[in-house]
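There are structures below to look over.
You will see chain A twice below: alongside chain B first, and alongside chain C after that.
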Partner chain A sequence: MRKLRVAVFKLTSCSGCLNEVIYSMMVHPELLRYVSISYFTELQDLNAVEEVDVAIVEGSVVNSEQEELVRLVRERAKLVAALGTCAVFGGVQSLRVGEDLRTTVLASYPNPDFIRVSPDVKSLDSVVRVDYRLPGCPVNGESLARLLVKLVLGGTETPIHESLCSECKRKGIPCVVVLRKEPCLGPVTVADCGALCPSFGRGCYGCHGLNALVVDKGRLEEFSRVVERLGMSRDDLRALLKAFSHASLSRLSSAG
Partner chain B sequence: MLSGLLTRVEGEGQVVLKSAGGKVAGVEVRITEAPRFFEYIVGGRRYSEVPDLTSRICGLCGVSYMLTAAKAFEKCLSVEVPEDEERLRLAILAAERVKSHAIHVVYLHLPDFLELGSLSELAESYSHILRRGMEIALWARKAMEVMGGRFHNVVNVRVGGVYSFPEASKVAKLRQELPRVLEGFLDVARFVMGLGNIPGEAHRLRYMAVRDGDTYPWVGSGVITDDGSYAGADAFESFVLTEQVGYSNALRYRLPTGEPYVVGPLARYNLYSGRLRREVRKFLEEYGYGGPLKNVYQSVVARIAEIYQTLLELQEFFDEYREKSVARAEPASAVRGPCVAVTEAPRGILYHRYALDGELRVRSCNIITPTAQNLASMEEVIMSGLTGVDADARAVEVAKGIVRSYDPCISCSVHVVPAGCTPDA
Partner chain C sequence: MPMRYFAGDSSALGDLISILRGRGLAVLSYRLWGDLPVFGEVESLRDLSIGYSDVQGPASYRLVRDERGFFRHSYYSPKYALHPPIQDIYEASNGLRAVPARVDTAPMALFGIKPCDLAAIEVLDRVLESDDFYRARRSAVAYIVVEECVEPGDTCFCGSTGTGPAASGGFDVAYARLEGRVLFRAGSERGLRLLEELKLGEAPGDLVERYDEVMEEARRKSSRLPPLDAVIKALEDSAASEGFWREVSARCVGCANCNMVCPTCFCTEFIDSADLSGRARRQRQWFGCLSYTYGQVAGMHFRPELFMRYRHFVLHKFVFYQRQIGLPGCVGCGRCITWCPMGIDLGEVVSRVVSHGSG
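Moving on to the complex of A and B:
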């Protein structure tokens, strides 16, 4: 069986999702036999941007060097997977978007030219075409493992688009909105974390990102009113959505 | 000028050797990772949201970032954390230390002692050790999932305590699996220590760790150095000297004397080895380690000692564990005193300071990370060994090996504080 050629890249992020790549190989040690890795600086010394079957990219794009790298990666990869909330939506660093970089941030550097960041924090798919999106902060390691196993076997991923609420229902977790009267972002958030926060008795804060296939501008407005009544201000909701769903939120806003 | 991309470390960095007449004359450990401006992005957020945000600073040690933030707010908002909830939080922190050290010892650092360059090579030749290492990491992962919800960005730490107690049956299962994990750990530890090639010549090293009550250190009232100097948490920023260099995206720190210092397992071990359990000390003595560690490569010994110590501490926690209902302690509505805290993250002292406004939203913030504190020491140790030697690819490899011994966490260290966000005003 020909080995699946994989490359793993990190852009701007905390590296937490890279650990899920390592995890997926731990729980499926046989993957190491069917996968060859040409780029993964966290794990190996020799790395080259070569032609690969799948490039896994963690992190958001925050400068032109990263844009160039991502374009090169896209050229040389048959498939590109955006790994984690940073790559899919921009990630928590998106909270700085909208501020004037030159006056607020770069002012603190003795040599501002050394820091190369753009005003925007971009998701991977706003720079190149992306084949798979695996959101999550961090991504669910099991989902990543499933994708890798499928690709090794020559299959592909069939994405499921449902909101977090369905996971609570399926698991029989009492609704925090109903039971505790606490705000919960579950209704507008992509499923796949296993309804983690509600299972610990707290509301979801949306780290798997906005379920953009279900949520449109009108529904988001309706949802804002609901959580406002539960004590979460519009500004605070907006900050959470910006932190974990920046790219989707921008698209919704520009959709008019 | 010769440079090498830092591999087998978390994040993006570079070591640059400067040469004069073909010999090494200078070094720059560059942190090239693009900043994410955390001090800026927590601005305006309510105190209660901050731990979930600071967790995102680090994919390897997020619990430390959450807990330090929570503790800073608990201090200034006079929150009394119930003892059982505090013990649970410290157990999550302990599981994180095991996870972080196990990953470094087995996956990132061991290839250096075996002169291999990658995990795949390790898997080919030493699959049994890798499997044992995996079992430790996977068990630590399960412990974090049971107690915190997931492997990182755990969801069970809040300002005031925890959100819920894990089911006693799940904790009991972790406890049941522990003997096997300990056995596997000892296999790995014996293998690494038995290689007998951990360098021992003395480096010039100064150390600092938090001062904790009477346990091996986790959280503390302040910091203590190897010469016994103490600074309370609220005096930490004025105690250390802060510097900024043009080639790195991270601030760096020195002792009041201007000397670099080391934080992390080596510093904790050298300051607190007397508090390690008897079986841990006995194990180390079998391999000739009794006194202070003098070489940064010996950090691996300190990590092994800490994994052992921490697994034993967790065993005690599991044995005494009782499922409780959470108290949901609520903070005072007004700020009293500074919101500061220091804890021991896996890589060393982690300092958080916040200022809150009248609505208890963050007005300013400063976070000092372990790796940023180690940067000056890395350069000093590299120069002590490489000054005047041929500036070639081999020298670059030696320099990279030294940096890797510190287990740098580069994503975390990228913390240039934006203007207007530093002073308490």
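Moving on to the complex of A and C:
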């Protein structure tokens, strides 16, 4: 079997999802016999932006250099996978969007001269065409392993779009909202994290992103009222949605 | 032959569990696991959720310690046992020969399930008639013991759907707990033999009279919907009213909790997985029609907007099942109301459809 040529790129992120890439290969070491990695700065010293079968891009796009890089990556990759919530939706750094850029930068960096960022935080698919989206903060390493195995075998992955609640109920996890009366973003959040937070009795905070194919502005407002009654303030909800669903929030339709 | 009623106390329920276990059956019932109302194996009377009440409302479920309480059900239903949430279907290894997966067919008894659960099993029996995997699990059910609902919950409407609060058929034994006494009746020859093994006395006339009164009151309490014929007619007429369905579904967020907890929702999606040693597996898992991918096919989507999927859910329950299997798909258990995080009340929606039709 010909090896699957893979490249892993990192843009603006905490790199946690890169660790998940490494973990998934530790859990599935057999994968390493079927992939060759031409670019992965966290893993190897010699890296080159070559033609590959699949480019995995982690992180959000925050400046023109990154835009150029992902355009080049797109040209040289047959398939592009956005890895993690930063790449799919913008990620936690989206919280600065709309704030004064200089103040934000000064609050974080003692020597801000090297920081070159634009005011917006972009998801990967707002810059280039994306074939696979694997959200999560961090991404579920199993989802990535599943995708890579299928690509190695010459297949593809068909995404199933459903809310986290389906996953909870299939696993028999007690409902945080109905039984515990605690705020949980599960009903409006895309599934496939394995229902990690509710399985530990805490509410979902939406890190897999807003279920934007279903939830429009009106429904989101109705949902906001529900979680508000359960004790989550509007500001907290807004912050969570901005942190984990920035790109889809700006695309929400007003009816659907 | 007139119905024979037998009387005992709670210990007779424990004896019944022992008899069933003595026959090598796993006895499955509603039980508490810590403070959680689950559905699983019970070993004795102590495991049953007797002494607790489930207080249900829209988006609300509370377990209350109450010696005289009545426990109905939870987000679990017998569906978890008969049509499991995730099930292996095929396995294939090198050579690509797909072999049907093995189904766990260890014999079981369903115990203390409610009349609505029983009605739901009848629906599943008809819908999944030719499904080998369902049939294998269903055939493993050796006995069904039903607890009749002496006290319907606030979200229940089985009186309206004609599926409760008393059991009408398809069971082996039915019992009702009435003020410290338990009234038993058999629904089958095998059930009658079970009751004979319990060595119970015939129920006194006043207990049977009390039972009739309690069930009549329960039927009244659980009949808050308009008549079923009117519901079906109004739903058929409403199908083309796009504006109405948009409005009715405006608070729905498409989370599909209703589908998951519904004891008759049977839809599944296939999940294929493979590993690099040449093994592949096909599983199926519950999949809700409120979810976006439902109705999506190559190149198009049958119900791209949520209002269409919500309308489909309601129409399917009351109209399409009726046409397909001759029974309504809604058994009035109210789970979709309790476990909807938005607190959308199906009973209320259906009533609105009827008043919309006549308005």
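What to note about this one:
Here is the rule we use: the second predicted complex is superposed on the first by the 240 of 256 C-alpha atoms of A that agree within 3 Å, B and C clash if a C-alpha of one lies under 4 Å from a C-alpha of the other, contacts with A are read in each partner's own complex, and residues count from 1 in each chain.
We adopt the following convention: a residue touches a chain if its C-beta (ideal position, glycine included) is under 8 Å from a C-beta of that chain, and two chains touch if they have at least 3 such contacts.
Since we're looking at a predicted model, the values are computed, not measured.
When the two complexes are overlaid on chain A, chain B and chain C sit side by side with no clash.
In the superposed pair of complexes, A:Cys207 makes contact with chain B only, with no contact to chain C.
Of the two partner chains, chain B is the only one touched by A:Val27; chain C is not.
Once the two complexes are laid over each other on the shared chain, residue contacts for A:Val49 go to neither chain B nor chain C.
In the overlay built on the shared chain, the residue A:Ser199 is in contact with chain B alone; chain C does not reach it.
By the document's definition of touching, of the two partners only chain C reaches A:Ser163; chain B does not.
Contacts of A:Cys137 after superposition: chain B is touched, whereas chain C is not reached.
On the chain A superposition, the C-alpha centres give an angle at chain A of 110° between chain B and chain C, rounded to a multiple of 10. In the overlay built on the shared chain, the residue A:Leu69 is in contact with neither chain B nor chain C. In the superposition on chain A, A:Leu79 contacts neither chain B nor chain C. The superposed arrangement places chain B and chain C with a least CA-CA distance of 11 Å. Overlaid on A, the two complexes show chain B and chain C touching no common residue of chain A. Those residues of chain A whose C-beta lies close enough to touch chain C in the complex are 28, 30-31, 33-34, 146, 149-150, 152-153, 155, 159-166, 169-172, 174-175, 177-179, 181, 184, 186-188, 211, 213-215, 218-219, 222-223, 226, 255-256. The part of chain A that touches chain B in the complex is made up of residues 10, 12-20, 22-23, 26-27, 29, 32, 36-37, 41-47, 62-63, 66, 91-93, 95-96, 99, 104-105, 107-111, 114-117, 137-138, 141, 193, 196-197, 199-202, 205, 207, 236, 239-240, 243. The touching residues of chain B, when paired with chain A in their complex, are 5-12, 33-37, 40-41, 44-46, 49, 52-53, 56-60, 62, 103, 107-108, 117-120, 123, 131, 134, 137-138, 141, 149-153, 155-156, 158, 163-164, 244, 246-247, 249, 326, 411-412, 416-420.
Interface of chain C with chain A (complex): residues 36, 38, 59-61, 75-76, 80, 85-86, 246, 250-257, 259-261, 269, 271, 273-277, 285-288, 291-293, 305-306, 338-339, 341-343.
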